[in-house]
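Letters A, B and C mark the chains as written, and numbering starts fresh at 1 in each.
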Amino acid sequence: MKRISAIFITLTAAAVVLTVGPKLYNLISAKPESTPFTLYSCVIHDFTALYQEDHDYKFMDRCGNVYGDEVQPLFYASILASRGMLPDSLEGRKVSLEEIERNNLFITMDPRDVNKVIPPVYLLMESIPERLELQDPEEAFVSRKDGLYIYNMGDNTLQEEKTERLNADLRALGFTFPARCIEGNPTDRKDHDEGYLLTDSEDKLFRIKQTGGVIRADYYPQADSLHLKNLKITEFENHATLGFLVTGDGHLAILKENGDVTVTDVPMCPEKESILIIGDMFYYTVETSTPEGENYFALKTGTFELVDTLSRTYEKSFSMPGISFTSPLHSYVKPHF
Amino acid sequence: MQDSVICCEHLTHYYGKRRIYEDLNFTVDKGRIVGLLGKNGTGKTTTINILMGYLKPRGGSCRIFGEDVQHITPETRRRIALLLEGHVQYSYMTISQIEKFYSSFYPKWDRDAYYSLMEKLKVAPGQKISRMSNGQRSQVALGLILAQNADLLVLDDFSLGLDPGYRRLFCEYLRDYARDRGKTVFLTSHIIQDLEKLVDEVIIMDYGSILVQEETASLMGRYPGMTLEDIFIELTGKY
Amino acid sequence: MFKAIIYKEWLKTRWLIAGIAAVGAGMLFYSFLNLAKVVEFRGAEILWSTLIAKDTVLLELFRYVPAAAGVLLALAQFLPEVQMKRLKLTLHLPVKESVMTGCITCYGLVVLTAFCAIHALVCAVLLGRWIPAELVSRITSTMLVWYLAGWAAYLWTCAICIEPTWRLRIVLAALLAALMGLFFLSPVPEAYNGFLPWLALYTLASAMLIFGGIERFKEGVQ
């Protein structure tokens, strides 16, 4: 036992050294790294990267041409408007500050938000508030093997009638329990609530939304063959989209309010990539980044046709390998080299 | 020929590079009270540690009741009562708690032997051993080893920290107990004066070797007019 | 004989166990009083939304208690054994060393487990009044790693106490500190779900350090 315990101590010490040593080295040798903010411009139809020159911010396209804020009129609409420099029309149509701001959208997804254990309990918001603002929800639903169960949070009681009605409605639409993926945005810091997108055990796409105390279920058959892996509900002011989806073969798809699903040519993996989508009236800039580099995709608003791409690979700096128990890609604690 | 209860052959031990002893040989026969005497640092406690299996010697071997001391079985340990240097005990217990604890391990436990000694102690029933004097603690330790009814009693420096009164009490009790019941006793001490009337046989150690292993009476006969202590100093040198 | 061994361990640890129970009960009472007041003033909805939206399990106050209890229990059991080398008395008792060591260690583990099990049960029962089983399960699953940290702290502290050489004691103490860091690496609920079985196996295997230490003690390693 003495020998075995000596081996045990040695292996533990080795693991500690392999964990702490590289971490310390990488901490000491870390250098600041940044990549420029990049956005597709509807003016020059190219990607522009933001950089700082003499306390002033400039944009540069891929040919090295330098521009000011006017190359991104939709992103800097309010600044340009305050200077009286906002153009009257863009891409052959008249634009106003109000319309621009209504159509600007911004959404992020991080692997750590995907790669973690999410409790199967979801707050049920009322989509049309009685007063001006959304209220804190009073009910929540729990996803179980045989259905969604609605509870009154105040007294932890099951709302049997409401539960039965919801599950019956879902089954009538072809929902097969248990739900595989449920995604919503249960916060009152928004204008309106679009409920929850959910997939059933056969990867069919549905939505539930509570309006005036009644939960309505919708089915989106266009997503049936897509074997959806990830869902992200969108609640933009312009109601242009209902959700961003990721298909089973790793592509971004857009779900519109009318139920149409458009699969784009943008490859995407939310489990491994940080995702940023900045959209405006004319184009969506989709950025996917990993520790190795980043990719940009420009999509035409409305059709979501891919019009341009840009890739950047990060300069490889030496990082001492070792054992790590955490990762920027997930919220789990588990060893990996 | 009497049975050997303890038999050590070619015992060698070093602490680092410091030699304690080399090629040490001695036996303790059944029913004898044998004293291992020596100055401080000559290896008395080392010998006890080796005998009880708490120290692996560099060379040689020891056997107690025929078993290698490095692998004494529980059944054999039941036949050996051990008193550690300083009368170390579970001092967080009271005298009744410690008796209750020890008695579970020894089927031949003699409750009367323990409590007859405890009656002499003037302590409150709930008093912890840690709150007793050195002398009282030694009595508790003595009571426990006597009550075990073991065949072999091993005592390491039993007189440490005791005044002459307690030392005499200890020696008298031990001698009467061992002789009446035919027990074997192996003890170490560096205070010689109490041992003349206690031990049948002495082993006198010096740094690295045994100077004498002889019957006490025979040894004292060879040095007439001298006490055992005088003989010890004569053999080991004054300092 | 086993009764006597447990009796001895009980005598050494009874006041500490009472203290740990009192502190644990006090912390539970404080935590749930807080929660009850929150529910009274803001409704139980706030508990649901906090548990769903934030990386918390509401009972973080208790996070380090099992580890602290493990360390204290090990010290209470083994410090008296190693002071004045009293361990020699224990190992001299007519019981196989492995059985004796196992019995003493099991006592500590059982005490810790009972403490943690009672805590988990009380939490589950009280929380179940306000939140559904799925959220209660999330909280208790998250607390499992805190309980395991208690076991690890206990076993490694036992090994540190028994170890006869100061050099290896320092090494073991440093490794224990690093190990404790691993148990508290992430506050995200259920972050340890997949890794927990392996961590539990490793923690149980740490018990061999105690047996190894006993062997080294018996060889007289200095």
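The rule is short, and it goes like this: contacts are C-beta pairs under 8 Å (C-beta built on N, C-alpha and C of every residue); 3 or more make two chains touch, one makes a residue touch a chain.
Note that the structure is a prediction, hence the values are computed from the model and not measured.
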Graph class of chain-chain contacts, one of line, ring, star, complete, other: line
Label of the chain whose CA centroid is most distant from the centroid of chain B: A
Distance between chain centroids, defined by C-alpha means - chain B, chain C (Å): 41
Between chain B and chain A, distance of the C-alpha-averaged centres to the nearest whole Å: 79
Touching two or more other chains - residue numbers and ranges from chain C: 219
Touch list for chain C against partner chain A, complex: 43-45, 47-49, 51-53, 55, 129-132, 134-135, 138, 168, 171-172, 175, 178-179, 182, 185-186, 188-195, 205-206, 208-209, 211-213, 215-216, 219
Contacting residues of chain C [partner chain B, same complex]: 1, 3-4, 7-8, 11-12, 80, 84-86, 88-89, 91-96, 217-220, 222
Touch list for chain A against partner chain C, complex: 1-2, 4-6, 8-9, 12-13, 16, 19-20, 116-117, 119-123, 136-138, 140, 142, 151, 153-156, 186-187, 325-326, 331-335
Touching residues (chain side chain B, partner chain C) in the complex: 15, 49, 52-56, 74-75, 77-78, 80, 82, 84, 86, 88-90, 92-93, 97, 100-102, 104-106
